[in-house]
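I've put the structures underneath this note.
Okay, so chain A shows up in both of these, paired with chain B first and chain C after.
And now, the complex of A and B:
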């Protein structure tokens, strides 16, 4: 393909993406304006590529990179399209946005979109990704400066399993995903400081274990062997710390609801997969154990007389989780290879410091079940009576309930039904989830109404 | 049956196991003998281009095929054109205790501009959910319906004897938004179909 044709093809692609972004920005079927903000960013990025192609700032040698940027824009445009009301748990999104702003700051926004695979995830921040990575080579071009002029906003995309769209309770996992942005901040600032001594000690241990294969006794082969294992160890350490920090942030934001959701998710998977076989993720049992410790510490100060039986419920559940996490299968797995053992021993040795540094980055004070038990109990009692868990108090002196309290109440009611009915609880659970969803929305509207009146 | 007035309504709304209409954004929604309810933001609209007519006897004519759910963002409006019917629901979640029932009535302010609210107006004892509202524009001017607006009123009456069946068993119970019609689930429809077969059979026998 000659240069002129190639440039024309790229121009047409950029122009089509810009137009698609404009169409998306005109739509009014998003739960909030955040998807439109992402569409605007993507449209501006497409427009900047168009301008750079026309001005010649993108030379022939950079066509492949321009092509890559356009492919990213197309991929990300899909997220905007999929975040329309009909695809999302729209009735909880306004409340979630308020919660995000209170937790991470007013400049942070999340677009919610479904995915077909059964997993939660987070991507972003998109502004920095486009401005500082994809457009880094053209940073001083006027078209690029204009495209990212309003770039202080931090935009992320949270994804959830499509089949769980209306399962507000499982969406407590969003708190863990929000924790990834905190984990990333911790990683940028502190990971190297953690990793350097671990790597040094690991190389010494591994070097002792190295057994040259026949005909492979050269120094080069040993170095390669060591490099492969230390690279693997670094990936395992990085993934473990990111997930463990995100778990802790999730608990900090939503308390036991985040643990209930994590345990529900974990119940579908093996609890003791070795990191090497599980995308470097830490074993679920290990993660649940750390969250269980947090719950136990929280429940130590529990002293509520009138919490409608919630203390008993959560203590029973904590005891049943304890029987799972006290098993040490995961510990045996983590001792089975030097790479795992070195990483996880180092994490254990520094964990308190890592955790407290990471949690100091969270604006919102820690959620405490012990403090909120009375309110949660009141909301659970409403669910028992077939009511939405949207407010506390007695008419006319009622107050809208918080997003975090509602999720905890919904979960406790579900756990209560499971304890009473076993697998037969399924249909009743669905009812609780619907009531919870409506409770979240009406409480948010109620709160906004009060704010506007004041 | 006695209609509850403001004092009795306030008492019921505060009583354990009593009437719940939640959330009441403004305690002034409780009037002299009724409770104003607000419009929610979910609607079911008709897809008129898909079917010529609706036949509850035809299993292919499920309500899902002729209607679809639409959500209007808070602060925006749904336009109801003259002659148009949509299903909306109350913003409030209503739970009737066993000793009360309610009637949904439109507000005169809306009736004066052509809006008819709720033709199936009875809320039974032990109902729990958002109440579906049938909204029709009987006037000549399109109407902008904004979620949150006071759209109707509940007239609450005593029911005797106290009704005590399981609220979950109700046909439309537990709704958190407007519900699609379940006309095709009416048990009588099968019987009516059979009745038609017998009549046709009889005619066949008598014909020469």
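And now, the complex of A and C:
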């Protein structure tokens, strides 16, 4: 394709994206104003590409790069479209937004959207991604400065499995996803200082294992072989640390509810997949073991008499999880290759310091089941009676229940039903999930009413 | 948490992936700009001095290449590049050595043997790290061409990695990159 035609094609693509962004900004069926802000950002990015193509600041050798930016804009545009009220658990979004602001800071906004794949996820920060990374090569161009002049807030997209839209209990996984924001901060500040000595030691070990006869006659065969394995090790270390930190932040924000949701999710998967076969993720058993340790530590100070039987429920569940995490199948997997072993030994050696540094970045105080057991028990008792778990106390002296307490109560009621009814609990569980979702919405309305009165 | 295949080929990135993606793209753009500058210098009619911003681009490329090439005695992975760029250096190292291998194997009219290739690289690194200073000894035209092709190949390899999930390829494009000598 000649240069003029290629430029014209890119210009048309950018123009179409800008127009689509404008159409999305005009919609009024979003639960919050954040999807419109994302559409505005994407439209500004498309406009900037248009201007850079017209001015010649993007020359032909960078056309493939410009095309890549346009494809990213198009990918991200669907998040806005999919975050319309009809696709989302809209009744909990405002409560979730309050929780995010209290946990991650008031300058954080998020878009929530469903996805067809069965997974939770988070992406962002979109402002910094576009302004500081994709447009870094043209940062001083007037079109770029103008496009991102008003982009000061942090903007994330949280996603959930579409089939679980109204399953508020499973949405406790959002706490883990929010933990990725903290993990990313830790990663930027500390990953390299963790990684450099690990890589050096690994190179020495791997060099001893290299068999030159496999690639005779090639000048850089050994270097390339080592480079491929150290890259794999870096990806495994990076993914492991990010997920483990996000797990810990999730527990810090929601306590056992985050562990219940993680365990529910893990039950669908192999607990001991090698990182190399599982997108570099750590084995689930390894992750659950770390969270179980956190739960056990939390329960050590549990001393509540009027918790409506919740202490017994959670202790029984912790014992059941212990029987899973005490098995060491994952440890054997992690010793099966030099790459895995080096990475996970290094993580184990530094974990306490890593965890402590990462959790120091969380602004919300740690959630403690032991401290909240009385309130949780009161909400569980409401659920047992078929009532919405939206408040505690006795009328007229009631208080709206916290998002975190409601989720923990909902989970405990589900665990109680499963203990009593086994697989037959399924239908009753659905009722609890619905009550939980309504409880979150009603408590948020209550809280806003109080704020209006003040 | 998710199916392995979807993990591998999802068009959607997790947060750390978005950070990595952004950095990878930024590096790809900077490498291509440096490649364009070197390519311009190999044109015989070009006697234009390198601009200040061009010098900065070349110095950055030298720093990046020196970090990627861990054979190089001056390679230093602990200082210099930011954390994110050091991460990308490890990410791009297999592409770098793969590209060098192809350069050594397929460019006999340019580089007769490995020693010459390595000597060309060393002179290129010194000159790039000086920011293409007029006081520094200029590398040969052959070394400049090697550098231009190497930087462009790395840039395209990184771009291909960004596209690979979207196109659901089972192999990254690195194997298809040609020096085009």
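The working rule: the second predicted complex is superposed on the first by the 418 of 454 C-alpha atoms of A that agree within 3 Å, B and C clash if a C-alpha of one lies under 4 Å from a C-alpha of the other, contacts with A are read in each partner's own complex, and residues count from 1 in each chain.
Here is the rule we use: a contact is a pair of C-beta atoms (placed from the backbone, for glycine too) under 8 Å apart; a residue touches a chain by one contact, two chains touch by 3 or more.
Worth saying up front: this structure is predicted, and the values here are computed from it rather than measured.
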Clash or fit (per the criteria above) of chain B with chain C on chain A: fit
In the superposition, chain B vs chain C on chain A residues touched: C
Touched partner set for A:20, first chain B, second chain C, both or neither: neither
Touched partner set for A:47, first chain B, second chain C, both or neither: neither
Partner chain(s) touched by A:311 [first = chain B, second = chain C, both, neither]: neither
Touching partner for A:184 - first (chain B), second (chain C), both, neither: second
Chain A-centred angle between chain C and chain B, computed on Cα centres after superposition, in steps of 10 °: 140
Which of chain B and chain C A:34 touches, first, second, both or neither: neither
Touching partner for A:59 - first (chain B), second (chain C), both, neither: second
First, second, both or neither for A:85, with chain B first and chain C second: first
Nearest Cα pair across chain B and chain C, whole Å: 28
Residues on chain B engaged by chain A in the complex (per definition of touch): 10, 13-14, 17, 20, 22-25, 27, 71, 73-74, 76, 91-93, 95, 128, 130, 148, 167-168, 174, 176-177
Chain B-facing residues of chain A, complex: 28-31, 85-86, 90, 94, 385-388, 390-391, 394-396, 398, 400, 431, 434-435, 437-438, 442-443, 445-446, 448-449
Of chain A, residues touching chain C in the complex: 59, 61-62, 64-65, 68-69, 71, 75, 115, 117-124, 128-129, 132-134, 136-137, 156, 159, 177, 180-181, 183-184, 187-189, 191-192, 195-196, 199, 218-221, 223-224, 227-228, 230-231, 234, 238-239, 242, 265-266, 269, 273, 277-279, 281, 284
Complex interface listing, chain C residues touching chain A: 1-4, 6-8, 10-16, 18-23, 25-26, 28-30, 32-33, 35-36, 70-71, 77-78, 83-84, 86-87, 90-91, 93-94, 96-98, 100-101, 104-105, 114, 117, 152, 155-156, 159, 162-163, 166
